[in-house]
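Labels A, B and C are assigned to the chains in the order they are written; within every chain, residues are numbered from 1.
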Amino acid sequence: MNAYVSAILQGAVLTVGVSVAALLVSIALGLLGAGAKLSGRPVWVGVATAYTTVIRGIPDLVLMLLIFYGGTIGLNNALEWMGSEATIDINPFVAGVLTLGFIYGAYMTETFRGAMLSIPKGQAEAAWAFGMGRTQTFVRITAPQMVRYALPGFTNNWLVLIKATALVSLIGLQEMTYAAKQASAATRSPFVFFLFTAGLFLVYTTVSLVALRRLNARFSLGTKRGTL
Amino acid sequence: MNFAVLLEAQNLALFGTGILTTLTLLLASLVVGAVMALVFALLLTGPWAVARWLVGAYTYVIRGTPLLIQVYLIYYGLGQLEWIQARWDSVWPWTHFKDPFFCALLAFALNTAGYTAEMLAGAIRETSAGEIEAAQAYGMSRFQVMLRIVLPSALRRTLPAYSNEVVMMLHATSLASAVPSLVDVTAAASSIYSQYYLPFEAYLAAAAIYLVASFCLIGLFKLGERRFLAYLAPRTH
Amino acid sequence: MKKLLLAVVLGALGTVSFAQGKDLKVAIDATYEPFTFKKDGKPTGFDVDIANALCEQIKRKCVFVEQGWDSMIPGLMARKYDVIISSMSVTEDRLKQIDFTDKYYNTPSRVVTKKAFNYTGPASLKGKKIGVLKASTQEKYALGELKTVGVDVVSYEAQDQVYLDIRAGRLDGTVADHVEVTGGFLSKPEGKDYELKGDELFIPKYFGIGAGIGLRKGQDALKNELNAAIKAIRGNGVYKKINDKYFTFDVYGK
């Protein structure tokens, strides 16, 4: 019994790892995508729109299977074509992180785009008039204000991301859900182990919610809220 | 790329079965889930604190745990419990738990009920206070206020968010492939992959099917919004 | 240009592992007691011990990679590992995709149902639900011989999930390897109402000639090394020692 519980707890560490890594990838892709959509240049807008539309139209699981099984074979074929003897093994962790990051990058794009649109354009224009470069403007003017608008959508995406990590078990990563499934089949007690894993997820989401609420409070300092 | 294999009769039939199962699961779980969501939303915004607390805890757990685990819990977990096992050969409704389709349906329905209930409850709470006061001034009972004033407007306001939820449910049905013997679109693609070792072709086909289905659903909801949320459309004259 | 592209791609991919060097990556499906299973979180079993013995013979280190059964062969072809030592039977269908060494054991498959059930052949199972492992030789047999006479064949991702559903009452029986089902199910408390039925199934059309080590085509050097190693451990008593640890008879078979 104990070996299985520790296997699940070790899997929990992997779950946290996959979700945090995927979050970073999705934030990066989200910022790029939002920037592309708001740039106004038709090529970028087209690419970003295609990205968000297609990703949000395919289930996470199918995309993961496509990237994991298809990707490895495709990459190895490409390597053979380039004349290399080496073989690349996309391990499930990397495949999971890339896929989840890729998928939630699309959702983050929409969240960040909405947040950026909420900031009056005049502020950015004033910054440029002052001689600030684009990056400086973004870091000092846009981003701090954007955080407050983006937080609800960001929180939502993060919570969904945490739960999507359970899918990575289906491509063989030995995170919580995988360990629970193995334990339950070997000991013939699925109820206990799946309930335990569900509990661990609940702890994870609760902690995230509390932390993000605190963050929301911190970034909302000084703003006035109408009383109903 | 060998797409020709996919067009062979038995593979097309497999995808056909998959599409049928996916759509049936989707429709059935949405209907059952919607009914449950309505009840839960009313309890969440109702006068009984115990009910509010219980339903609140339910939606909290549903929204805090992955759907995959919920499916496993219902399919494998419930099967382990002695009390249910003893009854499911003979006693209704426990006989249904033997059937994998029923287990998947239950898991999806409970899941969508949890999310939709919160959406609907939020919309109910945001009903304009003036409308409710006016209705009460007219002498309408609590039930009448709900039925005639609050619900029609709340249901309409939930429509955009619900369209998101429906598309999410379509994607969620791909998890039915984790239940043995259920052949949905993803399971059909996996089966072709393990038979012919063609991952790209099989999963691209599945992705295309889901994409088309998602677009159809979004289109349907846009039509629905045009009809039910017509009062929010920008003025044309 | 191609070399530059190669360098860029290799550099860009963070986690890469190169399949060269002394380690031999061995794929196992750790849900198949007593051949391959997990004890205290570590892989163990007949297959695992044989793999370790063979690795010692060819002087390489065995690194075990866990893999789901139905993507064993695709994983091998995608170069996730070098060999499959997981009770994989050598069949004609599989030989179309990959190569095998000589067999390292051969045990028959059997039908397993409740003791009370009167089994007189495939047709007597009509209308019953039989669970099998997806992409296994038993699945092939079940689809070929049982489904055609009206048996409801249900495929599972792992053999121990079949036992989970038998215990839960969703299945009436299974077709599985004789030794595996004895060690993984019948000898456990939940298997007490079940027993082996019918004859030993040695049909080569479905079950092949026994379990061999799977490798990619074109790896003759490795294949010859492993064949020599199998002969060596059969001859020097290491095989017998591992065999006797798990079984009371010689699983090498005919």
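The definition used in the following text is that a contact is a pair of C-beta atoms (placed from the backbone, for glycine too) under 8 Å apart; a residue touches a chain by one contact, two chains touch by 3 or more.
Note that the coordinates shown come from a computational prediction; the quantities given were computed from them, not determined experimentally.
Taken as a graph of touching chains, this assembly is complete, with every chain in contact with every other. Chains A-B form the pair joined by the most contacting C-beta pairs.
Compared with subunit A, the chain whose C-alpha mean position is the greatest distance off is C. One finds 38 Å separating the Cα centroids of subunit B and subunit C. For this pair, subunit A with subunit B, the centres built from the Cα atoms lie 23 Å apart.
Distance between chain centres (mean CA atoms), subunit A to subunit C: 37 Å.
Residue positions of subunit A touching 2 or more other chains: 69, 73, 184, 188, 190. Residue positions of subunit B with contacts to 2 or more other chains are 76, 79-80, 190, 193, 199. Of all residues in subunit C, those touching 2 or more other chains are 71, 74, 77, 161, 164, 167, listed in ascending order.
Of all residues in subunit A, those touching subunit B in their complex are 54, 56-63, 65-66, 69-70, 73-74, 159, 163-167, 169-170, 177, 180-181, 184, 188-191, 194-195, 197-198, 201-202, 205-206. Per the touch definition, subunit C reaches subunit B in the complex via residues 70-71, 73-74, 77, 97, 131, 134-135, 154-157, 161, 164-165, 167-170. Taken together, the subunit B residues at the contact with subunit A in this complex read 61, 63-70, 72-73, 76-81, 167, 170-175, 177-178, 186, 189-190, 193, 199-200, 203-204, 206-207, 210-211, 214-215. The touching residues of subunit A, counted against subunit C in their complex, run 3-4, 6-7, 69, 72-73, 75-76, 78-79, 82-91, 93-94, 172, 174, 182, 184-186, 188, 190.
Listed in rising order, the residues of subunit B touching subunit C in the complex are 76, 79-80, 85, 88-89, 98, 100, 180-181, 190, 193-194, 197, 199.
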